[in-house]
Every structure is written in C-alpha cells, then in structure tokens.
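Next up: the structures, one after another.
Both complexes below contain chain A, partnered by chain B and then by chain C.
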Partner chain A sequence: MGPPGIGKEALGYWFTHSGLVQNDFCLYTTRLSTREVLQDVKAFNVDFSQRVPFWFASGGGQIKFDVNDLAGLSYNIKDILKKNSDRRIRVVTDVLSSLLMLNQPDAIYKFLTQLFTDVKQYDSVVLATLEEGMHPPNVLAAMQQLFDGVVELRLYEEGLRVLPLLRIRKMRGVPPQPGYYNFSFSKTGMEVKAYSG
Partner chain B sequence: MIAGLVSTASFLLFVPDAFISYKYAAFLVITVPTYSYSVYWAFSIRRVLAVRLYRNQALGMGVIVIAIWLTLGVFFTTQSLSSLQLTTAWSTLSFYFLIVVLFYWIDASMLASRRSDPLLRDTLYWSKLRIPLWGLNFVTIGVVLTILGYAEITDNVTLLNSLNSGDFSNLILAVMYNFLSVITLFCGVIFLPAIAIRAKWNKTLRKHFAWFALFAVLLFILLMGSLPPPIGPALVLGIGYTLYRSSKSLVPLNRISPLDVVPKVEPPPP
Partner chain C sequence: MSIDVVSLIDSLSWLVTSIIAILVVYRGIEIGRALVSGVYRNRAFWVAALGLVIFIQALPGYVPFVGDVVIVGVPLFEIAFLSLFLAFFAFVDSTILVALEMDFFHRNTLHWRQIRIVGYPLVFGFIITILFSPPLTLPGLLMVILAVGTIVTIPYSAAALIIGARRTWDRTLKRHLTLLGFVFVVYLVSFVEATTSFNNPTPASDLLGDFLVVLAPYLLYRAAMTLSPISRIEKETA
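What follows is the complex of A and B.
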C-alpha cells in the first residue's frame, strides 16, 4: 500500500516478471487496459516482450475486467486458477482500491475472504496494491488483517529531503520487523536497503 | 531558477540601470527565498516519484513557480524601462512561457487524476480534447513568436504596442494572440474544478488544487489594480507561500518515527 505514483505497480510488474522467468503462471488483473500497462512497464525497464502474463484487463486482455462485476471477477479468477492448477501461480492486481470505492467495504471483505480461501487451495501467491489516502483507516486495517503480508511504501519528509521508504507492516511466518528501508527501481528490479537515519 | 538567472544576467547586460531601481532589489530579496523553496519542493517530490504521470504533474508545478517569478519580475522591472523593444520581448516571452507551463500542468493534472480514478473516468473527454488543443497551442505560439520576431527586427512600433497590450487591429491576429490564454483559463476554470469535485476520495489532489486556487485568487488581485506598498509585496509573498503549499501537497508526506529507525551498526575494528 502507498500513495499514487510511488511505484506500487512497479513492484507488481517486477513480481510478475520474475514469475514469468521462473515459468510460473502469472495472472495480471487490472482496471487499466493492457496498452496502458505495457506503456508503464516500459518506463520501468520490465520486459514483457518474450513472456507475457495472462491478462484480465479492462481492454486488450484475454478476459475483459468489469469493476462492477464482482461475481464475474471471482468466477474468472477461480476458473483460471483451476485450469493452471498444475503450475505455481502468481496473481497481481491493482483493482482492490477501485473495488473498495465502488462497493461497501464489508461486501469486499467477504468477497476477498471467500476468494482467498479458494486461491489457497493452489500453489499461489496474490499481490494486490492498495491506494493510500483514499480509504478510511478502518478499511485499511481490515485489509491489512485479511492479507498474510503488508508492505507499506510511503514518502517521508526528513529535513529538506523527501525519502521514499518501505516498511514491512506484517509478514506471516516472519517475526515483526520494525524499521524503514530505502527503495528504488533500477534496470534489474527493485533495490531495497536498510535505512539507518 | 535557471530561467531567473538567465533573466537577471541578460538584464544586467542590456539594462544595468534597472538594477539601481529599489523595486528590483526589493523584489529579489522578497521573492527569491520563498519561490526557490517552492521550486525545490516540487522538484524534490518529482525526483522520488516513480510513475511518469505524477512526475509530470510535479514538474509542471515547479516550472509554474519559475514562470510566475519570472513574469512578476519582468512586470516590475520593465515598468522602469524606456526601450519598447526590450519591454515587449521580455513581457511577451515570459507571459507565453507562463501560459504554456500552466497548460502543461493542467494537462498533467487531468491525466494523473484519471489514473487515480477507480473507474478511470475521462473527465469531459480530456484525453481526446488535449491533442487538438496542444496542436492549436503550438500553432498560436509559432504565430506570436513570428510576429514578435518581425516586430523586433523591423522595430515596428505599432506591432510592438499591439503585442504589449494584446490589442490588434487585425481580427485574426487578435484571436491568435489571445487564444492560448483564453483556452488555458477556460481549462483551468472548467476542468480542474470538475476533477476536484469528482475526486472526492483523493484528499491529496484536492488539497493541492485548493492551494493552487488560492494562488490564482491572489494573482488575480495582484494583477487587477495598482496596490499600495504594503499590500503589493505582501501579495507577492502570499503568492509564493500558496505555491509552496501547493507544491508540498502534491503527495502525502509523513514523518519518520525515531523509535522505528534501526540504529546504524558499525563494523567491528579489524
């Protein structure tokens, strides 16, 4: 989670890219069109020209994504996972904030709980991005509770400097890790270093 | 502040008398710290953002501050100049620079707001409208710069006066000259409030626009009338402050909690 423009999507692009390199099945669910995502991807030097994810997008993908159709979203994801159950699966999505803004948060909470129960039957990982500053704190807390891991990307003011820092708010199976990490995007991926003030 | 330095250097070269004016010195003392601080924040935020659309918005904001500073500086200093050629060249170029930059920022803000909209709504068909508008803007700039060049080279007093006042006897030239400023004003008044109303969940964008709107109001008051000494400089400072707040509210900025900072581990001595 983080504010718009900080690079949450880039994390998703690199996660998808590394999955494709390892021959995992990668599903990219997006509210954007594939053309817009591919434009963005180029800016981060991620190469989707050789290996491409399975697109579930608002335009140009194998399946058309409709932000108002929760049932369709759930059905399609489960169906795709079922068809690729013999492979490791990565699901990347940027639709969570849109879903939360267009529906009652408790409806989305129930929807995600059910979806995650189904997804966990497979060898799969879901990475979802969440816009900060667009949802009430109770909604953010509920989402944090629902996911196994939460990575927070934020901009911090330190004197006259603006620093993009990362924090691990929660990671299942790993002891709590207080502290901040510097992060940046290079040609080979996301670089993370401990921040020590 | 490169534009400001270039401006100052060329004034120093061509019109050294302008620097004797207390107005210019006062303008520099009052504005340089505030305006450069605003530019600094806009560019610092631009540097750390990862997505091009939002970087463009921050870039536009930073360049707007430079353009405002340049335009106000030219406005104050050219009042004491006797050369019509120099006055016209500086005022036309700085004014057009400001208008183009404002249009660029409006465009970047519209595209960024669409990206953060949950339904990706294209407010008032901006993504389609922006292309012909940019085209028309380039044509207008080309025409105005050609007229300016011609008037400067031939020292055509009538044309120079028309460029200064924006009042042309030829209707086509009058329309061309004012097109860019009218379109930018129209887009600023119609499109920006529309996305501010629509993006009710995006508090950061609304705060950025609110400070920018306050800046626009102060600028309007400043340009409307001749204000007495304490009010005029105070307004110039107020404009700098609102631009600074607008720059800083491009993104939500947090404070680092000292309790969560991992202490630096020094390697043991060999």
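What follows is the complex of A and C.
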C-alpha cells in the first residue's frame, strides 16, 4: 500500500516478472487493458515479451475483467488456479482499490475472506496493490487485517531531503520489522536496502 | 500606515515570494526524484520549473539592480515578466494534457487540444513582438500584456484546470490540479488588481497586491506537496 506514483505497480510488475522467470504460473488481474499495462511496464524496463502472464484484464486478456462482477471475478480466479494447481502460482492485482470504490467495503471484506480461503488451498501468493489516499482509515485497517503481509511504500522527510522508504507493516510468520528500508527500481528489479538514517 | 512601511512590506513580499519559490523548486525536484510513476514525476518537475520562473520574476522586486540589467536591448525584468506567460502556458498545457489523460472518458476539456495548437504561436509571437518591436511606453506595454494575459490565458487555463480536476478519478491529482487552478485564479485577481490600481495606487491596493504575490507561490507550494504525502521518520524505529 502507498500513495499514487510511489512504485506499487512497479513492484507488481517485477514480482510477476520474477515469477515468470522461475516458471511459476502468474495471473495478472487488472482494471486496465493489457495494452495499457504493457505500455506502463516498458517504463520500468520489465520485459514481458518472452514470458507473458495470464491476463485477466478489462481488455486484450484471456479473460475479460468486469469491476462490477464480483461473482465472475471469484469464479474465474478459482477456475484458473484449479487448472494450474500443479504449479506454484502468483496472483498480482491492481483491482483492490477499484473494488473498494465501487462496492461496500464489508461486501469486499467478505468477498476477499472467501477468496483467500480458496486461494490458500494452492501453492500460491497474492500480491494486491492498495491506493492509500483513496480509502478511509477503517477500510485500510480492515484490508491490513485481512492480508497475511502488508508492505507500505511512502515518502519520508529526512531534514530537507525527501526519501522513498519501505516498511513491513505486517508479515505473518516473521517477527515484527519496525525499521525502514530504502528502495529503488533498477533495470534488473527492485532493490531494497536497510535504511541507516 | 506610512508610505515607508508599505514600501517595506512591498519589498518583503517579493523576498517572501522568492523564498517560497525556492522551496517550491526544491520540493518539486525532491518529490520528482523520489516518485516512480512518470505522470507524478513530470508534474513535480514541472512545478519546480514554474517555481524557478516565479523566483526569477520576483528578483527585481527586492534586488533593484537586477531589474536594471539589459539583455539584447531589453530590460531583464521585462524578459522575466513576459517569459512568465510562456512558462505558465507551457505548464498549464502539460497539466491539462495529464488531466485529459486521467479523465476516464478522455474528454477534450474546453477544446484544449485545439486551443493549445493556436496558443503556443500566439503566446510566443506576442512575447517576441513585445520584446523586439519599437519601444512601447511602460504603461502601454503593461496594458497590452495585462489585456492578453487576463482576457485569454489565465482565466481560460484556470477554468480548464479546474474542470479537468473535476473529471479526474485520481484524488491526488484532483487535489493537485484544483490547487493549480487556484494559483492561476490568484494570478488573475493579482493582474486585475495591478491593472486597476496602476495609475492610482493606494496603500490598501499595494498591500492587497503584495498579499496576492505571496499567496500564489504558497498555493503552488501546497500543490507540489499534494503530489505525495510526506511522513516523518519515527526515530525510535529507524
């Protein structure tokens, strides 16, 4: 989670790319069309020309994504996971904020609770991006409670300098990590280093 | 209030404007460097560029000899003031194009895609004509600038920005664009105030002008800061 422009999508792209390199099955669920995503991906030097994720997108993908059709979203994700249950699976999505904007938060909470129960039956990881400024604090808290891990990307002030830093807000199975981490995107991926401010 | 105090406030207002403009430049560059998304980076760098232009334009207000410098036969203060129009127009153009892009329906707000094609040669030609044509008297020159600037560029840009902001789904950009719209509204009010009180300035009109001169870069600074929330590092956890 984090404000717009901070690099959440880039993290999603590199996470997908890394999965594809390791021959994981990667499902990219997006409110955008594949054309728009591929255009954006180029800006971060991520190469989807050789290995391509399975697209669940509003246009140009294998399955058409409709932000108003929660039942269809759930059914399609479960169906795709079932068909690829023999592989490690990565699900990357940027639809969470859109879903929360267009539906009642409690409906999305119930929807995600059920979806995660189903997804956890497989060897899978779901990475979802959440726009921080778009939702009230109680909704953000509910989403943090629902996910096993929460990574926060934000700008911080250090004297007169402005730094993009990463914090692990929560990670199930890992002791609390109260520190900050510097992060940046290079041509080979996301680089994270301990912050020594 | 004595004339000396009004004069002092006038000089101080330009100094404060410059300080805020430097902060805008610094913050714009820092935020632009820290952000990853092209749209937000570009917005931050554009805000920094506009801050730089405002800084240069404000210099003669408190450093008199800067205003006396002549480049290619044209006073520096005149070049700075006129270049502000081109910088404003380029800035607004880039901002509105982003707003059109972020509009879900990609509506052509106030026919901006057509206006910009006519706008650039008009503004550029206007500046060149003013700079290199036979000298006009200062009041006459100012009147032409104020007329064109006030009637065409600023209110139209402000309207396009505010409408564009209303049509943008992205809340961060919406806040940013709305504040920029207000920056241009303040400049519009400032120009109108300067025009109406040019021949008969009063201490009240001078003070109002000084207030507006400071308010515009302050709003620009706020606009830069809306591009991304900036938190403070909690030292005990760092």
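Going forward, the second predicted complex is superposed on the first by the 197 of 197 C-alpha atoms of A that agree within 3 Å, B and C clash if a C-alpha of one lies under 4 Å from a C-alpha of the other, contacts with A are read in each partner's own complex, and residues count from 1 in each chain.
Convention: contacts are C-beta pairs under 8 Å (C-beta built on N, C-alpha and C of every residue); 3 or more make two chains touch, one makes a residue touch a chain.
As the structure is a prediction and not an experimental result, all values here were calculated from the model.
J.: State whether chain B and chain C clash or fit side by side on chain A once the two structures are superposed.
T.: Clash.
J.: Please indicate which partner A:4 is in contact with in the superposed arrangement: first for chain B, second for chain C, both, or neither.
T.: both
J.: Once the shared chain is lined up, is A:137 touching chain B (first), chain C (second), both, or neither of them?
T.: neither
J.: Of chain B and chain C, which one touches more of chain A's residues?
T.: Looking at chain A, the partner in contact with more of its residues is B.
J.: Looking at the overlay, what does A:173 touch: chain B (first), chain C (second), both, or neither?
T.: neither
J.: Counting only touches as set out at the top, which of chain B and chain C does A:158 meet: first, second, both, neither?
T.: both
J.: Going by the contact rule set out at the top, does A:31 touch chain B (first), chain C (second), both, or neither?
T.: Touch status of A:31: first partner only.
J.: For chain A, which residues belong to both interfaces, chain B and chain C?
T.: In the superposed arrangement, which is not itself an observed complex, chain A uses residues 3-7, 9-10, 43-44, 132-134, 154-158, 160-165, 178-180, 185, 195, 197 for both chain B and chain C.
J.: Quick one: which bits of chain A touch chain B in the complex? Just the residue numbers, please.
T.: 3-7, 9-10, 31-32, 40, 43-44, 58, 67, 97-98, 101-102, 131-135, 154-158, 160-165, 167, 178-180, 185, 194-197
J.: Name, in rising order, each residue of chain C that touches chain A in their complex.
T.: Its residues touching chain A are 26-27, 30-31, 33-41, 170-173, 227-233, 237-238.
J.: Per the contact definition, I'd like the list of chain B residues that touch chain A in the complex.
T.: Chain B reaches chain A through residues 40-41, 44-45, 47-55, 112, 115-116, 118-120, 201-204, 251-256, 258-265.
J.: Within their complex, state which residues of chain A touch chain C.
T.: 3-7, 9-10, 43-44, 132-134, 154-158, 160-165, 178-180, 185, 195, 197
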